[in-house]
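What follows is a set of structures for review.
Here come two complexes built around subunit A, the first alongside subunit B, the second alongside subunit C.
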Partner chain A sequence: MLFIDLLQSIADGLLFGATYSLIGIGFTLVFGVMHKINMAYAAASVAGAYAGLTLLKLAGLPPLLVIIMACLAGAVFGLLTYVLCFWLIPLSHPLATLMSTVGMLLLIDEIVVHLTAGMPVNYPTVMGGMVSLGSFLLRGDLMFIFTIAVLAMAALMYLIYRTRLGLATRAVSQQPVAAQLCGMRLGQVNALTFTISGALGGIAGSLIGSAVGLLSPLLIAPLTVKGLIVTVIGGLGSIPGAIIAGLLVGAAENVFQFVRGVTERDIYVMLLLFVFLVFRPGGILGADPGRN
Partner chain B sequence: MLELRQLCKHFGGVRAVDQVSLRVAKGEIFGLIGPNGSGKSTTVNLIAGLLLPTSGRIVLDGEDISSLATHQRVARGIARTFQNIRLFGQLTVWQNLWVAENRDRQQRAQPVMPRWFWGCEGDRERLGIALEFSGLAHKRDDLAANLSFGEQRRLELARALASQPKLLLLDEPAAGMNAQEIEELDARIRRIRDAGVTVLLIEHHMELVMAVTDRIGVLNFGQKIAEGSPAMVQNDAKVREAYLGTAAA
Partner chain C sequence: MDFYLGLLQIIGVHTLLGLSAYVVLLTGQVSLAQAGFMAIGAYVSAMLTVLAKWALVPALLTGGAAAAAVACLVGFPALRVRGLMLVVATLAFGEAVRLFFFNFDYQIAMGGIKVGPLGGEGFRQIRYFPENGWTTFQVMVFIWLTVGVVMTALWWMDRSRVGAVLRAVGEDEVAAQSAGLNLTAVKVSAMTLGGFIAGVAGGLYAHYTTHIEQGNFNVLVATFAIAYPILGGLSNVFGTLAAVVFIQGFLIEGLRFLGDWRNLLFGALIVLAMNVRPGGLLDAQTMSKGLSALRRLLDPAYGSAAARQAIDGLKDAGAMFRRLIAKWKGAFGA
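Now for the complex of A and B:
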C-alpha cells in the first residue's frame, strides 16, 4: 500500500510540476536572451491569473476561458515589466535591473494584497473528476493542467525553434552584436521575449489557481523561489532543462510531503537545490555554450 | 558613396580616432591599414553604428547617418564582418544566413503573421545564392559552431552579404588564414566588388591589401597619415616611419 501511495504522490507531483516548468521557462527565456534575472516574473504571473479572472467575470465568459484571459493579461504584465524594469533602466549596470525587478515583485505583491484585502479568491476548477486505475488515482484537474501546460510548452518550442521570431530571439541570445548587424533591434526582441514569457506565466498562474481552487497573494513568494530553483536545476538559459527540472521539482516536492509532511517539504526542496549547486552547478542541461 | 568628415572618437583622454576624413567611391575596394591600436576597428565600429562619434560626420550616399542606430544603418545597406568571428554558433549554416535576410522590412505588403513566422516569399532563392557563394551548400544544416575556422570565416562573409549591402566592412578577414585561403579570399573580395558592392577592407596582411585594393588610407595614433593608391602608400615616408620606426625611415 505504501508503494502505491508513493507512486501516487510522484504522479500527482509530476502533473502539478508542469506548472513549475512553465514558470521556470519564463525565468530561463529572459535569462537566455538578456542574461538578466527577472525577479518579478512569478508575481506578474499570479497577477496575470487574478486579472484573467477579473476579465472573465467582467465579460461573463465560461470558466474554461479563464486560462486564455490570464494568458493575455500575463502577456501585458510581461511587457509592462520589461518597459518599467529594463527599458527605462540602464542595462549596463549589472544590479540595476535586478533591483528594479525586486521592486516590481514587491509592488505587484502589495497591489494584489490591497485589491483582494489579503483574502484568497475562489478560482474556477475545471474537470474535477478522477480516473481510477485500481487503487491508483489520476486527478482530473491535474491531468487537465498538465495537458494545457504541455500544449503551451509545445507552442513555445514551435515558436522558438521553428519560426523567424524564434530565430531572432535565439540569434540575439547567442550573439547580440552580430544580431544588430543583421538588422535586428535588440529592444524589440527583448520586449517580445518578455511578452511571450509573460503569456506563459499567466497560463501557469491560472493553472495553479484552478488546481488549488483558490488564488492567494501568499502564492507569490513560494512560486518565485520554486521558479528560480527550477531554473537553476534545469540550467540557466535552457528551455528543455526547465521543463525537466519543473517536473522533477514537482515530483520531489510531493514525495517529500508524503514522507515528511507539508511543513518540512520545502526544507528538502532547498536541500535538493543545494545538492545540484554543489555537484552540478550548471544544471541538468547547462546553458548554451554558443556564446563565444 | 561613404564619406567621413573630421570624425573623432575619444575614450576619456584617449583619441582613438582623431579628425579622420576619408572618401570611399562607389564600386571601389578601399583598404584601411595602420599599426595595432591605430584606430581602424574603432573607425569600422563608428561606421557600423556600434559606437557613436564624439564629433564629426559619417555620410552615406549623401545622407548623414552619424546618429542612426545600427539596424537603421543595416537597412541603408551597411554590413560587416568581425575580426573575431561572431557567428550564431548554435544555429545552422542556413539559419545564420536567414537571420541576416531582412527583406521582410521592405515587404510590408505581405501579411505580418506569415512574414514573422516563416519569412517572405523569395527568401529561399536569395539565401540559396548566398549559400552557394559561401561554398557551404553541403553543410547547410550543420551548426555554425561545428564548422572549421576557414568555413566559419566564409559563412560570416556570406551572412554579411545575405543582408544585400551596398557597403561591406571587412575587419581583418585574413586573420589566421594560410596562403591558399588568402588567395581564395582575394578572389572572393573581387567577386563581391564585381557584384556591385563597395568594400572597405581593414587588414594586416599587406600582400593581400596591396594586391586587392584600389586605394588605401593609413591610420596612425587615430590620425590619417596617408591616402592614395597602393604604390603611393608603400613609398610614403610617413607610412614607413609608422610601420618601421623612425630609425628605418
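Now for the complex of A and C:
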C-alpha cells in the first residue's frame, strides 16, 4: 500500500508541477533576453489570476473562460512590470532593476491585500471529479491543469521556435548587440517578452487558483521562491530545462510531504536546490555554469 | 517617549542588518540569506542567555559566531555560482533556515514553566533585559553602541587594503583575479563577516523584543537587508544608515497616518527611487558633490560669497513664510 501511496503522490506532484514549470518558464524567458531577474513575476501572475476572476465576474462569462481572462490580465501586468521596473533604468545598474522589481513585488502584494481585505477569494474549479486507474486515483482538476499547462507550453514553443517574433527573441537573447545591428528593436522585443511571460504567468496563476480552490496573497512568496528554484535547477535561460525542473520540483515536493509532513516539505525542496548547486551548478540544461 | 526609544532600537538593529548585507554587496554578491543568519544569531544567543544563563555580551558574540560559521559553510557551495544564481541560492537557504526554526523544539522546564523555542509558537520569555533591570533607554544606548562599533570598524575597513580588495572583486572579478586575488577566499570572508554582523543584529533583536518566531525572519526581512545598502548606495556605510532612517523612520513610522495606504506607497516609492536614482540615494557622485559643496561653504575665500547668498536666500524664504502665516491668520480672523 505504501508503494501505491508513494506513486500516487508522485503522480499528483507531477500534475501540479506543470504550474511550477509555467512560472519557471516566465522567469527564464525574461532572464534569457535581458539577463535580469524579474522578482515581481510570481506576484504579477497571482495578480493576473485575481484580475481574471474580476473580469469574469464583470462580464458574466462561464467559469471556463477565467483562464483566458487571467492570461490577458497577466499580459498587461507583465508589460506594466517592464515599463515601471526596466524601461527607464540603465542596464549598467544590475542591482537597480533587482530592487525595483522587489519594490514592484511589495506593491502588487499590497494592492492585492488592500483590495481583498487580506481574505482568501474562492476560485472557480473548472473541472472536478476523479479518474480511477486500477488502485490509482487521478484528480480531475489536476489533470485539467496539466493539460492546459502543456497546451500553453506548446503554444509558447511554437511562438519561440516557429515565428519571426520568436526568432527575434532568440536572437536578442544570444547577442543583443548583433540583433540590434540587424535591425531588431531591443526595447520592443524586451517588452514583448515581458508581455508573453506575463500571459503565461496569468495562466499559471489561474490554474493554481483553480487547483487550490482559492486565491490568497499568501501564495505569492512561496510561488516566487519555488519559481526561482525551478529556474535555477532547470538552468537559467533554458525553457525545456524549466519544464523538466518544474515537474521534478512538483513531484519531489509531494514525495517529501508524503515522507516528512507538510511543515518540513519545503526545507527538502531547498536542499534539493543545494544538491544541484553543488553537483550541477549550471542546472539540468544550463548553457555554461555560473554565467551572469 | 518609549515609542521613540523603540523606534531607535528598530533603526539600530536594521542598520546592523543592512551593514551585514553591505559587506557582502561590496564584493558584488547579492545575498538574500541575511534574515536566515539573523535568525541563527537570535535563536543561539537567546538560548544561551535564557537556557544556559550566560551573560549578554558573550551570548551575542557566540550567536554572531554561529551565524558566521553557517555563512562560511553556505558560502562555499553558493559562491560557485555567480550573480543571479546566488540570489536564488541564498533566498532558498534563508527560507530553509526559517523553516528549520518552524520545526525546532527545545524546551526545558524552569521554575515551573517550560521555556525555549517551540516550533511555530516561537521562543517566548527572552527576559534578559527586564530580569537584569535594564531600562528601554539603556537598551537603546547599548544597541547604538554596537552599531557605532560595527560602523566604525566597517568605515575603517573600507578605507584600508581590505576594503580595496572587496571592492576590486565587486567591480571586476576577472581583473581582480588577474591581480592575484583569491576570489573564493575574498567572497567567503565577506559572507562570513556579513553573517557575523547579521547574527549579532539577530541577538540584539531577540533580546529587546523578548519574543521571536520564525515569521520574524522571512523573505521580506531579507529583502529589507539588501534594500538598505542598495537604496543608500554602496559608496560608504552612511548610505545604509540613511536608507534605514528613510525606510524605517519615514516610510514605515512617518507615514503611519496614511493607514493602509502606507504599505502601497512603500513599494511604489522603492520603484520610483530606483527609476530616478539607479545608483542609490547616496551614490558616489552625489557624495563627492555634497562633500565639495560642503568644502566650498567652509572655505572662507570662496565660501563667504556663496554662504552669504545662501543665507540671504534663507532670509527671503523666511520673510515670505512669515507673510504667508500672517495672511493665513488674518483669513481666519485670529
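FYI, the second predicted complex is superposed on the first by the 287 of 292 C-alpha atoms of A that agree within 3 Å, B and C clash if a C-alpha of one lies under 4 Å from a C-alpha of the other, contacts with A are read in each partner's own complex, and residues count from 1 in each chain.
Simple rule for what comes next: a residue touches a chain if its C-beta (ideal position, glycine included) is under 8 Å from a C-beta of that chain, and two chains touch if they have at least 3 such contacts.
These numbers were taken from a predicted model, which means no experiment stands behind them.
Participant: Applying the document's definition of touch, where does A:Leu223 land relative to subunit B and subunit C: first, second, both, or neither?
Facilitator: Neither subunit B nor subunit C is touched by A:Leu223.
Participant: Can A:Met69 be said to touch subunit B (first), subunit C (second), both, or neither?
Facilitator: Neither: A:Met69 stays clear of subunit B and subunit C.
Participant: Can A:Val112 be said to touch subunit B (first), subunit C (second), both, or neither?
Facilitator: Neither subunit B nor subunit C is touched by A:Val112.
Participant: Who does A:Ala204 touch here: subunit B (first), subunit C (second), both, or neither?
Facilitator: neither
Participant: Have a look and say if subunit B or subunit C is in touch with more residues of subunit A.
Facilitator: Higher number of touched subunit A residues: C.
Participant: Looking at A:Met270, would you say it contacts subunit B, subunit C, both, or neither? Reply first, second, both or neither.
Facilitator: Touch partner of A:Met270: subunit C, not subunit B.
Participant: Based on the superposed arrangement, let me know which partner A:Val278 touches: subunit B (first), subunit C (second), both, or neither?
Facilitator: After superposition on chain A, A:Val278 lies in contact with subunit C alone.
Participant: What is the contact status of A:Ile160 with respect to subunit B (first) and subunit C (second): first, second, both, or neither?
Facilitator: In the superposed model, A:Ile160 contacts neither subunit B nor subunit C.
Participant: From the superposed pair, tell me which subunit A residues show up as contacts to subunit B and also as contacts to subunit C.
Facilitator: 289-292
Participant: Any idea which subunit A residues touch subunit C in the complex?
Facilitator: Touch list, subunit A to subunit C: 31, 35-37, 84-85, 88-90, 93-100, 102-111, 113-114, 221, 224-225, 228-229, 231-232, 236, 263-264, 266-267, 269-271, 273-274, 277-278, 281, 289-292.
Participant: Would you mind writing out the residues of subunit A in touch with subunit B in their complex?
Facilitator: Subunit A reaches subunit B through residues 163-165, 167-168, 170-171, 174-175, 177-185, 288-292.
Participant: Inside the complex, what are the residues of subunit C that reach subunit A?
Facilitator: 25, 30, 77-78, 80-85, 87-89, 91-93, 95-96, 99-100, 102-103, 119-120, 218-220, 223, 226-227, 230-231, 260, 263-264, 266-271, 273-275, 278-279
Participant: Give every residue of subunit B touching subunit A within the complex, in rising order.
Facilitator: So the residues of subunit B in touch with subunit A come to 48, 50, 69-71, 74-75, 79-80, 82, 86-91, 95, 98-100, 102, 104-105, 115-119, 145, 159-160, 163.
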